[in-house]
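Below is one structure, written out as structure tokens; the observations come after it.
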Amino acid sequence: MTAPAPVTGTSTAVAWRRDLHTHPEVGFLEFRTASRVAGTLADLGWDVVTGRAAMVAAQRLGVPAQPELDEAFARAVGAGADDRFVGGMEGGHTAVVATLHGPRPGRAIGLRADMDALPILETAGPFHRPAREGFASVWPGAMHACGHDGHVGMAIELAQRLTADPPAGSVTIFFQPAEEGGRGARAMVPTGLADRIDLFVALHLGLSLPTGTFTPAIDGLLANSKLRAVFHGRSAHASLAPQDGRNALLGAASATLALAGLTRVAGHDTRVSVGRISGGTSSNIVPDFAEVLLETRADDGAVNADLETRARSMLHGAAQMHGLGVEVELIGTVTTARADAAAHDAVAAAGRAAGLRAVVPAADSGVASDDATALMRRVQERGGTATYAGLGSDLAGPHHTATFDLDEAALPLGVELMERLIRG
Amino acid sequence: MTAPAPVTGTSTAVAWRRDLHTHPEVGFLEFRTASRVAGTLADLGWDVVTGRAAMVAAQRLGVPAQPELDEAFARAVGAGADDRFVGGMEGGHTAVVATLHGPRPGRAIGLRADMDALPILETAGPFHRPAREGFASVWPGAMHACGHDGHVGMAIELAQRLTADPPAGSVTIFFQPAEEGGRGARAMVPTGLADRIDLFVALHLGLSLPTGTFTPAIDGLLANSKLRAVFHGRSAHASLAPQDGRNALLGAASATLALAGLTRVAGHDTRVSVGRISGGTSSNIVPDFAEVLLETRADDGAVNADLETRARSMLHGAAQMHGLGVEVELIGTVTTARADAAAHDAVAAAGRAAGLRAVVPAADSGVASDDATALMRRVQERGGTATYAGLGSDLAGPHHTATFDLDEAALPLGVELMERLIRG
Amino acid sequence: MTAPAPVTGTSTAVAWRRDLHTHPEVGFLEFRTASRVAGTLADLGWDVVTGRAAMVAAQRLGVPAQPELDEAFARAVGAGADDRFVGGMEGGHTAVVATLHGPRPGRAIGLRADMDALPILETAGPFHRPAREGFASVWPGAMHACGHDGHVGMAIELAQRLTADPPAGSVTIFFQPAEEGGRGARAMVPTGLADRIDLFVALHLGLSLPTGTFTPAIDGLLANSKLRAVFHGRSAHASLAPQDGRNALLGAASATLALAGLTRVAGHDTRVSVGRISGGTSSNIVPDFAEVLLETRADDGAVNADLETRARSMLHGAAQMHGLGVEVELIGTVTTARADAAAHDAVAAAGRAAGLRAVVPAADSGVASDDATALMRRVQERGGTATYAGLGSDLAGPHHTATFDLDEAALPLGVELMERLIRG
Amino acid sequence: MTAPAPVTGTSTAVAWRRDLHTHPEVGFLEFRTASRVAGTLADLGWDVVTGRAAMVAAQRLGVPAQPELDEAFARAVGAGADDRFVGGMEGGHTAVVATLHGPRPGRAIGLRADMDALPILETAGPFHRPAREGFASVWPGAMHACGHDGHVGMAIELAQRLTADPPAGSVTIFFQPAEEGGRGARAMVPTGLADRIDLFVALHLGLSLPTGTFTPAIDGLLANSKLRAVFHGRSAHASLAPQDGRNALLGAASATLALAGLTRVAGHDTRVSVGRISGGTSSNIVPDFAEVLLETRADDGAVNADLETRARSMLHGAAQMHGLGVEVELIGTVTTARADAAAHDAVAAAGRAAGLRAVVPAADSGVASDDATALMRRVQERGGTATYAGLGSDLAGPHHTATFDLDEAALPLGVELMERLIRG
């Protein structure tokens, strides 16, 4: 096969969104998604950079192990990956940066579209439209539960429209892998591909904003640190010689409870979460191994750094308590960033022109992290302006849960907003 | 294929042991092992009962899920299972009971040979003979780390010898699945196949006894209860709405620490162990699910029952603490049993006649559990006598660890002991 | 003795502050403080209400036990309590409400001055001025570490000034016991003494504001709930029969770790703290009793109520885990309140007139709770206006620590501010 | 006063027992008890060694703080301490060693009588004879709940009998302080007073043996280690600046749960117990201090040493987890000891001669620790023989609980046994 079969549907954005929703790929495994994106953009005549040229491999964090990479690669190849591009993505080099150069000089505009799914088993319940209408995930255990399928869908439709009537200046779309966990954008920064962007916008769907609304700038994005701790103990027969064992799960349990109690910080918004524990095999063997995944977040980089330091102490203390060793690895990290007034205003104008209503997020709507901030900061350091904007979409279930579903009516609105932004 | 390819080696026992060591199958998945045992014994002319006739399916505990059963079955079929018998074992009905009826009336003797391996990744280290000599597990994650491969090997060689010169009375060998976890013997009891046994002996290799020694009766086998607890929480985005989540891992962690502190009982030997925790996917999703495997043991059934009751309270209390639900399932249980003096004396005489030295286990050698006690108790209830005996074997590493290896010189000694026991 | 010996010093406010600093009395034990306040105000000709007339006894929370009440009462009597008033305060009825009626009609102004100290052992270090200059606490284990000594000192000097030249309307000072823990103001509300106040101001020293500044309204005061949990177990000899014991400390420990991990709430400022554990006697007796003091806080009453509910579940779950009983008692609670614009403006004007600089607290300065909110809400419900204002004072050490000390230069500034507020 | 008022009652043993039960004194505070013992023995003409001559002060462990020593001393002086001896006991030097030299040469026999009470609040319930009959503790919080009052009572009556008709050889009674916690005997050993004993017997009441029975030798006494850990954190206002605090109670809680889970040891009888936690003052102050009392025990000194080492690691790990410091102090330790056959036989003969029935303790009766083992080992090292014997006494409640009461009918039986032992 050379080019992937065309995606069909009521609109390009919706059709792509549904196709990707059916084939969700988690961070650094977006072989099918990224290769088809690259192929489509190349076919439209955009300059396309992929693979190791679009990301510095060593800067990635939390890359899956080789067997997982291989399995996902094979699966993607069997499910319609674009074989003109997928080869260069082997090993998890799944970034795509595509640029359209306009007929006249003008602003260099950058947009971010993240591509990765989440390790969630999608619900099959009767109220879940993807299940009802047949575009639920066919790959159990992975799910687009944060709207990135919509982000890519909008970007593709936008690219089609721009191709038809190229604007002045340039438009670069950063199709980013591994946004979840804050592991991908950081590897795209040192390529320099964002260095000459004048105006950078990352637009995210959902975020408690209703369909028809938008927020020109979401500030307060949280810095975060994602850690993987592995406790090493000593196995033994749990009955014949328990005293010879060092139970790695006790380290995981002590650490988990301590981590949950990581201090609140007056005047700052913080988070901590232990999201996975895995260790041991059967009850009669003292487990010599336990893995713990956790994260800290804060609305200030220094505060997050302090929380990370304390979390590491907790992990080491827990190991000492139970006679264990422990290794702690940083598998993802995201910084904070603030919107520029100029970028805010540009998006505000574009949104209103697109018929959307500008809203301020509710005080209690919660904030998250997004490693688009790494690209934002780079653009800002080089003299450009940037913002992180929200595009309203009613949701069927919360972000990162098995019942998440977005309102596809939001997709054309987002395309419109971005087109108006670009065309000024 | 009709009959499996013959096993070769320095002796039948060693050859079989090495073949099984290479192909370890955990509890209720012993499709290759059990079918080849059944075929071999049938070919020798023994009466062979297998499948649902050899065990009451509903009495089994902790049967693996269907996909795991199917996968193991397919693997066994591809690796030399005996297709005359393997079909009847589908779904995890892997018990085999084989009887040789002698030419004259006499005692009905029963022997137990357990067949299952453990979920351990075998070491590939240079000091590990199975690795060095090429008979290490080819199925990663499963390992004969308790000597059951030797048990089966000895039983097969014994059967060959007995077939050549049948003794008076009868000899029945109970090839038992799923000894680990105490999940298999209990299902064989209600078939009645042990009801007419006069003398029942379960002989276990290793147990800190050196090669060349034996123990006619190991008392103090511990009763145990194996529990599987599943905590149910509620998932949420760990940053956007942590307050909406109920983290199932917090229940697992609190319970694990509490369980480790389950009371000691003055005057009784007890154990408690949490052997596995598994829950959650990534750090930014509050996990809604966590599984915990644990066990209690005691040298007295009532004490163990009390510990199990307390453990269940801990699990339920931990759930309440963190706003979770919890389900607790008994996945294995073993009772205690005591040797009869007559059975002790019979094994003592046979061991000495076989040139072995009778020893008393060291006070600090530790004791375990074995669901052979379920068969022992049944034999005793019906008027027979029984004992649980130990056969010395130097070990390269402790039971239930990745470096476990037995001294194959012990195998002919065990065959000799059992033959002398039978021939009286 | 009839009237207490007069306090001397550079100013009335400072002299009183130092005298009270030397004789700190914790919540509901302010017998010396309150009786001397009442006596002084009565001698100035103010209308003074004390004891059960100034507070509804049953509405108090966390009243100390009788022996503690008796001991503190006796100590106060021996240290200069005013015997005209102290008798009516027995049992912890230590509120004083004093009113000056002016010569002409006018606004009814209410001020709050809290009187209680904290259970902290004051430092004797060389950098601590109270120690250096001889006015450190003479009652070890109690300390004015939150500035309430200054609040009373300012109120007394203000009363002297007002008496000399009475303003129109009325001025009522609510000398409140047991602010710490949120246990006293709530009992003063149902007396109705605050019902006719037109403008109510609670002025607090410190709070990270430098000397010479003030804040007309501190919003975001946290609602809180203070809980006392008592775990009941069963004692036993820790070696002879550990299994008969139910260790109450295990409940306390499990609960403490769980409580520290009480969920963060997106969009809300929350707190949780376990501040005291006490249980058991010696290591060889399984303890049958453990007490835990804890608190939750949130910037929203409903959020705090949810946290309190979850905390109670944790306590009950911890009890169940370890076979214990538990009783949970609410020993203090504070609500939130918001300043009225009119009250804000009145204080702002008065502060500026007094030469102070109005500042906004730093975003990360932290917020606390204060049960002045109970009085504020009552005033507001009856049609008056209210605010909680901050008076800057450089601090030697943080609030609620052993090195706390305020800058006495702030005291005359506070008196000036309040006088200007009253005189309009 | 010169000599204490005489004790009256149905027998000397019972009268003394009741007097001491009324005036219980915990370890190293036995000023009244020890001085009266010394005075009584001196009046009988025995050689009496007390104070620093009877114990090496620096070898004591867990001596109470000076204020506690002073308060108890004053209380004892006010409650009938013998002023001829009490002065030399100041500071907690409360050992008494009394010797009767017989008219002819003969064996040197040593007996141990421990004198200390426990920090338990005695029940006032209607079923408790001391309460009903008026000899319950008048010192709340202290209680003879292990029978030491009976031990002293028997020893005094025995001394009277022996004085009346002195046997050959010598009899030395070691009235030992601070048996609870294993803190006193170790300080008596280096005085050399036990060095020339030929036969040493420590006789303990109760221990699940019914009245009328005895056990000549209780083996399996557990070695133990008593630890006091103090966690140091940093205090802060729990709401204004929680991030500045380091909550010492979190260290105590994490350590407590970990300690409860200290490994069982196959083949050995072990114990672990956390018996006291104390820290913090109020819920709104992050506590900077927490004390934990704990103990480990094992039937083997090396095993106990390993448990102590692991416990210390747990304490240090818990401190690291929560950013705390920790100091760990050994406040008591007891070794194991085994009875000599000769000593066993001598007690066995004496008991039978006294009409008692020799019994073996039930397997599940539990074992404890007793620092009489320090004296036993010293006697054995110097060539003598020793045993730890049990004297049956029905009990109203278990040892170390608030309802403990012994059967006084056992006291004359014990006196008889010891007299027959001495007279041979």
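Going in written order, the chains are labelled A, B, C and D, and every chain counts its residues from 1.
We take it that a contact is a pair of C-beta atoms (placed from the backbone, for glycine too) under 8 Å apart; a residue touches a chain by one contact, two chains touch by 3 or more.
A quick note: this is a predicted structure, and the numbers were derived from the prediction, not measured.
Enquirer: Which chains lie in contact with each of chain C and chain D?
Expert: Intersection of chain C and chain D contact lists gives A, B.
Enquirer: Measuring centre to centre with C-alpha atoms, which chain is farthest from chain C?
Expert: B
Enquirer: Mind checking chain A against chain B and telling me if their interface is mostly the same residue numbers on each side, over half, or mostly different?
Expert: Same, since most residue numbers here occur in both copies.
Enquirer: Provide the C-alpha centroid distance between chain B and chain C, rounded to the nearest whole angstrom.
Expert: That gives a centre separation of 65 Å.
Enquirer: How far is the middle of chain A from the middle of chain C, if each middle is the mean of its Cα atoms, in Å?
Expert: Comparing mean C-alpha positions, chain C is 48 Å from chain A.
Enquirer: If you look at chain A, which of its residues touch at least two other chains?
Expert: 239-242, 250, 254, 257-258, 260-261, 264-266, 271, 365-367
Enquirer: Select the category (line, ring, star, complete, other) that matches the graph of chains linked by touching.
Expert: Chain contacts: complete, every pair touches.
Enquirer: Given the complex with chain A, which residues does chain D contribute to the contact?
Expert: 239-243, 245, 250, 254-255, 257-258, 261, 263-266, 306, 310, 313-314, 316-323
Enquirer: Can you list the chain B residues touching chain D in their complex?
Expert: Residues in contact with chain D: 257-261, 264-268, 270-272, 362-367.
Enquirer: Where on chain B is chain A touching in the complex?
Expert: Residue list for chain B touching chain A: 118-120, 180-181, 207-208, 222, 224, 226-227, 235-242, 244, 247, 249-250, 252-254, 256-257, 260, 271, 273-287, 290, 293-295, 297, 365-369, 398-402.
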